[in-house]
Amino acid sequence: MTTAAPKHTPKMAELSLGQRLAPWMPVLLVPVLVALGALAIPQTSSWLTLTVSGLAMGMMIFIMASGLTLVFGLMDVINFGHGAFVSIGAFVGVSVLLMLGQMTGAPSLGLNLIALMLAVVGAMAATGAVGWAFEKVIVMPVYGHHLKQILVTMGGLIVIEQLIIVLWGPEEIYITRPEALKGAITFAGAALEKYRLVAVVVGLIVFAAMRFVLRRTKIGLIVRAGVQNGEMVEALGYRLRRVFVGVFIAGSALAGLGGVMWGLYQEVITAHMGNDAMILIFIVVIIGGLGSVEGCFIGALLVGLMQNYVAYIEPKAALISNIALMVLILMWRPMGMIPVVKAK
Amino acid sequence: MSEPILKLEGVYTNIAQYHILQGVDLEVPKGAVTMLLGRNGVGKTTTLRTVIGHWRAHKGRVLFDGEDITALPTPLIARAGLGFVPEDMGIFSDLTVEENMVLAAIHGPINSARLDWIFTAFPPLKTFWKSEAGNLSGGQKQMLSIARAMVEERKLYLIDEPTKGLAPAIVSTMARALRELKEQGASILLVEQNFAVARALGDTANVMDDGRMIWSGAMAELSGDATLQERLMGLSLDAHH
Amino acid sequence: MTDPILRTQDLTVRFGGHVAVDAVSCAFQAGELTAIVGPNGAGKTTYFNLISGQIPATSGKVFLRGRDISGQGVSQRTKAGIGRAFQLTNLFPDLTVLENVRLVVQSHSGRGFNMWSMAAKHREMVEAAEAILKRVRLIDQREQVVSELSHGNQRKLEVALLIALDPAVYMFDEPTAGMSVDEAPVVLDLIAELKSQADRTILLVEHKMDVIRTLADRIIVLHNGALAADGPPAEVMASDVVQEAYMGKELEDV
Amino acid sequence: MFRSILSGDMPRSAVLSILLAVIFACLALAPFLFPGVRSIDTAARICVFIALVASYDLLLGYGGIVSFAHTMFFGIGAYGVALALTHMGRGFDAIIVGSVAGAVVAALLALLIGLFSLRVRAIFFAMITLAVASAVAVLASQLSGLTGGEDGLTFKLPRELGPAFKFGTEMFGGELFGVKLNGKLLAYYLVFAGALVLFLLLLRIVNSPFGRVLQAIRENDFRAEAIGYRVVYYRVAATCLSAAAAALAGSLYAIWLRYVGPDTTLSMELMIDILLMVVIGGMGTMYGAVIGATLFVLAQNYLQNLMGAASGLVEGIPVLPQLLSADRWLLWLGVLFILSVYFFPTGIVGRLRSGR
Amino acid sequence: EIKIAHVYGKTGPLEAYAKQSHDGLMLGLEYATGGTMEINGEKIVVIEKDTQLKPENGRALLEEAYGDDEVDLAVGPVSSGVALAMLPVAEEYEKILLVEPAVADSITGENWNRYIFRTGRNSSQDAVANAIALAGPDVHIATLAQDYAFGRDGIAAFKEALETVGSKVDYEEYVPTDTTDFTAAAERIFNAMKDLDGKKKLFVIWAGGGNPMTKINAMDPGRFGIEIATGGNILAAMKAYKDFPGMEGATYYYYDIPKNPVNDWLVKEHEARFGTPPDFFTAGGMAAGIAVVEAIKKAGSTDTEDLISTMEGMEWETPKGKMVFRPEDHQALQSMYHFKIKVDPNVEWAIPELVRELTIEDLPIPIRNQ
């Protein structure tokens, strides 16, 4: 073939060190914050406790937020209903656990984990199914309209919360963790709840799995492109609707997983528990940068650490620590730390 | 002559309350370049969009390779073997050039020989392979849009005003690339305002006005007849060129 | 020669490592029509963006009537007399054609912060807008919502907005791209008219050589971001840069 | 005359005109048409919310700016009046000082937030307003010495606006068409007139050249800048105006309730209600505020009663009575949210105007 | 016909409490009228009004009840914030508002007016009872509460009460109301307490979700010899107490504790009708219901002034035994129960076993409305 065009030689200059470092800055924030914490907190054992449990709390937040990174970050759907999926996940998961009282009551880690696994599977199946219906009925007509999304998903949230009350009753449900996950591990004068270790493992699995799927498949690309110009994606031959539905289901199922984990952490679940966590979840997704699993992950860790340090140093300031963190990060990077999708 | 690759039979298309296409008939022969010409706003773009399924014909039929695709969803139409270069280029500006191309290659990894061929025609795509497509210059976006359609073999290419915004040198390489596509056996339906390109590439020509096809015939006949051009398109093309 | 109305001095912008506009110094005289040509990606649109303020320059300065305006924002520069039409259509999609133009007229009249009178009562603005729509042959579409216009008509509206703004310096970025052969001359005639009757300074990016030949007083060539040639049309067109990097082989030889 | 009261912005739909006229008449004559404490309370709330929602429409529908701090401004106005009445005594001077101060503080705060964050992307502004609003809500509940904390403030109005004040005893014998002429009636008309004036003012603003610029900015801020409008200034101005108007609506609310508290004036829930009223009514139409607020407040107040009746009807059928039980009114409000966005994508006003 | 309005947060976050309160009220009316729901031949009609837990609604609904529905008196609401907004309405309409179960001290304190009565306990009663239950020689006490008026008032009352029994608080910790992670608070408390000698107790006052006790417990406070203590709660919440066998505190009601005919009837009827034992707020609701009937019976009319003079100093029997409306501030004085937690795997929740009944005479409750 002979289709040669004229030479094309745009001028390139060297990048400065700062420019080359820029992509790595967010990753560095976590150790920097840990180091700052060490400076501000004189008691080493307290610092250690706060750091480790803060990171673990970050993982838990990440699990809840991971679904929203997909739905809000990638698909650009401002889903206030996400909190409702967290709640459903918690109720279904806890119901399963209560049914498996034999397994959770036994002081065997293996049995406990199997029970937990079953609860997670049940919860994810339930939230995935509800997510499917939610997308079909509620979200589908409002792609691309943020305001309507807020309202419609708000409506969906209320409906789901009320249905939870109809099904499970208005009372709070209390649950205790599986026997082997109660209590703490103590080391070097620091204490770490055992349950948080489970959260760390689950969080890492979710993180790795999401990264894998988004890097190795075109799904992430299709969604991002589809949000911008769905017609064109279809003209390339992709069944965009199916991909959107699939991603929405995945996001909802992840919220369900988050719900189980969060419910077991709180040990008390209410219909509006998910919604109570929503502001935090939104903050994490936004400071991470829309659409970025890595950003969301780092953001969640930062939030977890920040909360603990600030609450220790000055409890009054804890009220605004998350908000301050968000404002600072957005002032530094208005698009969030690692933006994948450009926000409008 | 063999069966045409694409055939529109009395297609009517409405957009909202407007009746845009009013009985368009069109045949695109296999292995040839077919031009679709006409003034602004006569319905050329609407015709292409009706073929790909972005607008729906509410009357008439669209046949592709002998199959009725009138009611098929867009993704299936595309997968039947259509490549589409929209008028507004349809660039995914948040994605990099590479990601745009990867998405366009629906059947798997990009064939590297084909990619090299695309790079020789449109060198900036290679230079800015990892850059965000939204930051490309106007002409570079146009190149990307065409390249996307060409990244894999298609039976038929629908191309809406590909040369707008391209520098003359690139226009020639693009024209050559299209010709090479044709030589590989593909068919092309091309909307074009640049008459030089139309004349150089077109085998047959169709002229639209006001939602109807008003003239169809060989390109040579049209380009040779100034009065015909005057009558069909309001202006002699040669005079302008 | 008189003082130039617009002048750029070592104007440079870098995107990451890519130097898109490379130390361009150039002056434009009042009443002159300058064509800017160059291959795709040469930096023409970016050069416009730097002049009108859409993108901040990495270094270098822009002067308007001898005053340094490098620190000013887009709207300030617009008010100062730099007007701009866009290569990729960029309108108010859900407003009507008339309202699009009327808004420009209103901006020109400086009544933007008037919160008390009724916009609809200002007949003179509506009339001015309609006059311009007549000139670009869009008057029949005046009540149509812009997003429903065909591509070519949107291009015309783009030109109409710039004319309504009536700046000292007009910058057209491929105004006729996508216009049909019978419509393009209308716009080109308008540009010619601006130049000869209103004595306006015009910067024109175009890829159509015949257009440049008939309209331009002067051509500058940008290549890889740098100023590669500057001079009268005939001379520049014949130069090697233009022939090699820009024109390529003539189509007929394909 | 009529035209210029409405700033030339006519309803442009027969059904809409009738609806508006009916709502206007009902509100203007509420004490006579619907005597009863509850119904007048509902009418007064409708008035306040019309003004509040209209002020939000200026920002959202015309300016295209998403703010979550609107209730904050509303609350500032309410607390302004509450604090003035608590500290200056129960006089009209306190009401005036309180509402003016509230409006000024609200506008200044809006100016501050706007200059700081309106230069950046829309979502940034939305998040900042969310953050500031929740910080202020927390502050209000923390500074319990000043604001009464979670419990809020209860205060007394001038005697002339309370039920104990009777007038017209000589002329009408203290009653007109069976309605007692007392301070409560005066309070209602104060709220009604205040809301009406605010609404007409806002209507004027959106139809001025300024309002048109806002629309242009909403459509395409990039291009608005390129035709010579300094986008930030316009956005900030719109934010301040709308904040001040919201604060005034808040003052009216405080006057009516004789109570302010964080849940009543500052909550996120209220913010969502406002959003919903704007969208159901029709964004960027102003009249949407009237329709949206009226419908929504009515639904909030009477849906429960309606459902009580409905669940009585289906007694005996499984599950249904439980779903229709009056306690589940929120469920149906949620369903209404969804349906209204479905069936009125351009709002009720948009729907009526397009005639489809 | 006697009309009573029950104005309460029927829907909204405290729905569960609301239901208990209402069931209790109805049972109380039924019990006191011997099942006839009539007083002196007049039928009792209860009108329910849902505040949705919003103060402004509370006001409007109470006005509607007094003004449009012309009820004789009103009962409610659940939340203190709503109650405070409603108090002036009672004064305006000169009708009685019987507050149940909102607890804020200021309802019968600074914001009180003579139309307000309260059958529910107030925060001071909780605080004093807990102080008596916890204090002892050589006991060090730290407190944890939410950082807003309710939490701070509660701790203040608790401290005051501790002083009356000759003890004091060694360390106070306040955290934001919506805190979910208590690691930092626990660390601060541990650091403050670990070097003290003797018994160490951490007293927790918490309203709503969040459940700090188990979370702090999971950090093994036993390492530093710290025990956690708190008051009673609804049965569902008592499940979480299973992690704290032996924990002491003071509660307002647990169905198995009071021994009297009223409570026996309540437990039996409740089990029969709802399949569960009566809960925390059921008892209060019932006390209010009985109080209404008793007062109207004794006053012989529903005239507000007659009712007020009857009710001031009125004594009546409730599931919690005798209650008395103190004439000064109309607060019902009542017994509280010092408990110790017992865990029985066959019972869903942890059982608070009675250590000692703290009777009216044992509890010095300050009068705060002067």
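Letters A, B, C, D and E mark the chains in the order given here, with residues in each chain numbered from 1 onward.
What we mean here is this: a contact is a pair of C-beta atoms (placed from the backbone, for glycine too) under 8 Å apart; a residue touches a chain by one contact, two chains touch by 3 or more.
As the structure is a computational prediction, the values presented were derived from the model and not from experiment.
Shared contact partners of chain D and chain E are A. Touch-path distance (fewest steps) from chain B to chain E is 2. Set against the Cα centre of chain C, the chain with the most distant centre is E. Farthest chain from chain B (centres taken as the mean of C-alpha atoms): E. More C-beta pairs in contact connect the chains of B-C than those of the other pair, out of A-B and B-C. Distance from the chain C centre to the chain D centre is 46 Å, each centre being the mean of its Cα atoms. Distance between chain centres (mean CA atoms), chain A to chain C: 47 Å. Rounded to whole angstrom units, the spacing between the C-alpha centres of chain A and chain E is 38. With centres taken as mean Cα positions, chain D sits 53 Å from chain B. Contact of a single residue of chain E with at least two other chains is seen at positions 15, 147, 176. Multi-chain contact residues of chain A, defined as those touching 2 or more other chains: 5-8, 10, 165, 319.
Along chain B, residues 124, 169-170, 173, 176 each make contact with two or more other chains. Inter-chain contacts occur between A-B, A-C, A-D, A-E, B-C, C-D, D-E. Looking at the complex, you find that chain E touches chain A at residues 13, 15-16, 19, 147, 173-176, 178-181, 183-185, 187-188, 191, 209-211, 214-215, 218-220, 223, 234, 236-237, 239-240, 242-243. In the complex of the two chains, the chain C residues touching chain D come out as 52, 54, 73-76, 78-79, 84, 86, 90-95, 99, 102-104, 106-108, 111-122, 161, 165. Within the complex, the chain C residues that touch chain A are 14, 16-20, 22, 39, 41, 224-226, 244-246, 248.
If you check the complex, the residues on chain B that touch chain A are 52-54, 73-75, 78-79, 82, 84, 86, 90, 92-95, 99-100, 102-104, 106, 117, 120-124, 127, 148, 169-170, 173, 176-177, 180. Those residues of chain E that touch chain D in the shared complex are 10-11, 15, 50, 53-56, 59-61, 63-64, 66-68, 80-81, 84-85, 87-88, 92, 104, 106, 111, 147-150, 176.
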